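Two complexes are shown next, each including chain A; its partner changes from chain B in the first to chain C in the second.
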Partner chain A sequence: MLEVQNLMVFFENALAINDLNIEVDEGEIVGVIGSNSAGKTTLMNALSGLIIDMRIKEKRRGGERITVYGNILFNGQDITETRPDDRVKMGIVLCRERHPIFPESSVLENLKIAGYLKKRPEVLDSIKYVFDLFPALPKLKTRKAGFLSGGEQQMLAIGMALIVRPKLLLLDEPLLGLSPMMQQVVVDAVAHLKKRTGITVVISEQFARPVLPMIDKGYIVENGMLTLSGTGQELMDNPEIKSAYFGI
Partner chain B sequence: MRNAQLNSTDSKHRRKERIDRGIKARSSDIFALSSWREMLYLAAPRCIPIVGCLMLPLVLGIYWQKVLLSVAVFALLAISWDILEQSGMISLGQALFFGMGAYTAGVFNHYFGWPPFLTIPFASILGGLISTVILLPVLRLRGIYFSMVTLIIPLMLVRIVEATRIFGGTEGLSGITPLPSKWLELYLIVGALLGALFGFRRMMGSDYGLVLKAIRDNDRSVMNAGINVYWFKAQALFIASAIGAFAGAFMTHVYMFVGMPVFALDYSILPIAAAVVGGPGTLAGATLGAFILVPLSEILRGIGGLRIVIYGLFLVVFIVALPEGIFHYIQRKYHQFERWVEV
Partner chain C sequence: MFIGTVLYAVVNSVILALLAIGFNLTFGISGVANFAYGALYIMSAYLSWMLLNLLELPFLLAAVISILITTLCGALMYRFVLLRVRGQALSEVIATFGIGLAILELFRYLGFVGFEYTLPVLIDHSFVIFGAYIDMQRILIVIVGAVLVIFLWLFTHHTSIGLAFRGIAQDERTALSLGINSDRIATLSVSFGAGLAAIAATIIIPLGSISPSEGYDVLIKALAVCIIGGLGSTGGVIVASFVIGFAERFTDSYISSHWTMIVSLAAILIVLTIKPSGLFGKQKELEERI
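Our next item is the complex of A and B:
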């Protein structure tokens, strides 16, 4: 479904992603695991196309020059230069890190904004579906999103990404800043989502412990380079992963 | 086809690399200058404006000398705007500072007969203080709210002068003592501009300036560091308004008149345009912007009615094509070079 071929991203002279190859099949949950500054967010921005917008903005204000090499194929079509809004229409939706919600709008309004391009009945249907998936949200639907807790904001952010019914959901560090209990709620929701809809998910995360058990395939990224790949179970059994991520 | 080319990892791509010049690295870090050329590299950007500003009055004709006065005044206002901007206060009312300085100098000269050498420094301080006190209650406002208040106050003051007829009302105060000579006028304002440019650039680069910039970036983090944000903002406001008040006081003695036009919108808008075209955040950019925009406006006077259209177009083209500002662009080209490398 998604194929990343020899992806390289430079921020001025710094190499953020170096010759990365990733393959995602339909209906899989794929994990991209790496520590801070591994290049996870850059990869997610490259997949969602946000990097194109960043590149234009930085160029205009004379900031860091962003250069991208390599190809990204989605269902066989080269989307390397496709704009982020067009990628959303193709079904690739990114849920960015640090729960990006509209703090001044209510939970319901946030979900409606996210579904602006869809028809009203479809949006109402999707909202119901999101509320089913995250039972904590319906009670809060008139509350301003800025006043929600971190975990609730993260659920809302994932819900907003789901409103447009994506084919490929990109989750960038969805567990960041959440308690272990809340992390489990989000992980369970993603697993449940896959079971129910068969959606394809790419999840980038530095917390390997909650993520590895639920993924079909995982890529370990360090300093922008792919260091290890395999199924979730293979990675969990790997002694290097055990010592680096589990501390055992 | 393209995929086939990219299948091998050693495929040849070329990218432009931006690298600091060696001299830049040496002079800004370990400071090991080894030749006259390197010393010139460091000294030229400082010497060119100084020598240029000191020479200009000597080579310009009478008309362009007057334009130079105007350039320097707008450059000072642009520097004052830039200091406020760097401290997180977007002001739309430099005319308030300018007008306060102008009226203070005018009143003390007209009613009490103080000479220009007393009124100008006194008006800079008092005008700055009055402006700061007027704006103190709105220091807690951020963003557009602060801007709106600064925009409205000078417009309000015009009406107050008109309605109450204080300080000459609509007629203004005329017969203000001029400065003793044309050369003194020119070198006073040029000297003040150079002093403000280099002095405040140094200030903004010091730890004190860092605090001001941090307030713009995230005032809550600054509070968290145990710093009284409002006290620092008030200081920045006083510094900026004193610069504006100095320019106003100076112009009162040049025109030998002070009246309602000192609160005109021109004094608020043109400095912002200058800072944006030149590149905000450096003070030098604001000065450079004034040195481009004010003479341009004078040159375009010959065109007549279309002058504002062409002037506006120039501004739009500059802001769209070079949003970083001319100064940032020149600075980057001066310190860095580019070369093609294979990846």
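Our next item is the complex of A and C:
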């Protein structure tokens, strides 16, 4: 479904992603694990096309030069230079890090804003589905999103991405800043999502412990480079991973 | 006298709100301070005048055409000029002010100055309300102002483009990651702002005349109202319009018209001294911006 070939991203002369190769098959949950500054968010921005928008805007104002090399193929089509809104139309939707919600609007309005590309009946159907997936949200639907807890905001953010009915859902550090209990709620929701809809998910995370058990395949990224890959179980059994991420 | 002063203060307040609401809409969504706003207001009025007097079109048709042309001009201004400088506040101000200056001074150069340049009132009739005379055009201004505010609220809360406006206003990158094209929405916001300036001109200009210098006044009034209300806040714009509108009329009636401007400026100064970000500016992060 998704193939990343020799991806390199430069911010001016700094190399953020170095010769990265990733493959995602349909219906898989793929993990991209790495510590802070490993290049996870840059990778997600490259996959979603946000990096193209950032590059255009930086160029317009004479700011930082962003260069992208390599290819990103989605269902065989080269989308390396495709704008983010066009990628969303193709079914690639990113849920950005740190609870990307519209804080001044209510929960229900957030979900409606997310349905911009969809027809009204589809949006209403999807809202029902999101409320079903996250039972905590319906009773908060009139509350301003900015007043929700971190976990509730993250549920809403994932819900907003689901309103678009993605074929490929990109989750950038969805567990960041959440309590272990809330982390588990989000992980369970993603697993449930896969079981129920067969959606393809790429999840980038620095917390390997809750993520590794649910992924079909994982890539360990450090300093923008791929250092290790394998199935979730293989990665969990790897002594280096145990030492670096589980402290064993 | 008191009832009359209150009535005219309400009308004055609605006029200020109408003048500022388009500027505020554009800023609230795209972050662009459109300093060509006053010029677009005057351009629209001159267009209506030309269509009415030179092509002899009916006034309503002339007004609709000029509103559409002004709306289109707003979109073109964004696509060809603002897009290249967006995000650089000073460049945006210089570029839009330059465009505004060029439009206004072009009309001055072409000789469009004089009392004959005005637009007709829609209904030539007046009433006596609680002993105070008020003409139908002023009543119409209040009705149009109220309808426009309700329409804007419904538009931004119940249409997909309006909801996208609110999304972009709050977090452009999140909106983009959900498939909302930020450049398209910003173009629409500048063009809608220009369209609102044109609607305001159509309804307000019949009370006076069209002149290039009026364009600068409109810009200053829109800026003053938006700064007092808190830039980007529609609720703030409405409250600020009433603060300034009432201050002006009551000074005019009970002190002297010479003091009108001084009292208005004092009101601005007091509000900004107490709340530098405007009446509704402090809560901007958590309150509605549009």
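Simple rule for what comes next: the second predicted complex is superposed on the first by the 248 of 248 C-alpha atoms of A that agree within 3 Å, B and C clash if a C-alpha of one lies under 4 Å from a C-alpha of the other, contacts with A are read in each partner's own complex, and residues count from 1 in each chain.
Here is the rule we use: a contact is a pair of C-beta atoms (placed from the backbone, for glycine too) under 8 Å apart; a residue touches a chain by one contact, two chains touch by 3 or more.
Computed from a predicted model, the values in this text were never measured in an experiment.
Chain B and chain C, once both complexes are superposed via chain A, clash. Applying the stated contact rule after C-alpha superposition, one finds that A:R60 touches each of chain B and chain C. Touch criterion met: A:M160 reaches chain C, while chain B stays clear of it. When the shared chain is aligned, chain B comes close enough to touch A:G70, but chain C does not. Comparing chain B with chain C, the partner in contact with more residues of chain A is C. In the superposed model, A:K89 makes contact with chain C only, not with chain B. Of the two partner chains placed around the shared chain by superposition, chain B is the only one that A:E12 touches, whereas chain C remains out of contact.
In the superposed model, A:E26 lies in contact with neither chain B nor chain C. In the three-chain model built by superposing on chain A, chain B overlaps with chain C at stretch 95-103, while the rest of 95-103, 131-139, 149-157 or 239-247 show no clash. In the superposition on chain A, the residues of chain A contacting both chain B and chain C are 60-61. Across the interface of their complex, chain A is touched by residues 83-88, 157, 160, 163-164, 166-167, 170-171, 173-182, 285-289 of chain C.
In the complex of the two chains, the chain B residues touching chain A come out as 2-3, 6-7, 9, 11, 13, 15-19, 323-324, 328-329, 332, 343.
Residues of chain A that touch chain C in their complex: 48, 50, 53, 57, 60-61, 83-85, 88-89, 93-96, 100-105, 109, 112-117, 144, 146-147, 160-161, 163-164. Every residue of chain A that touches chain B in the complex is listed here, in rising order: 5-6, 8, 10, 12-13, 19, 60-63, 65, 67, 69-71, 73, 78.
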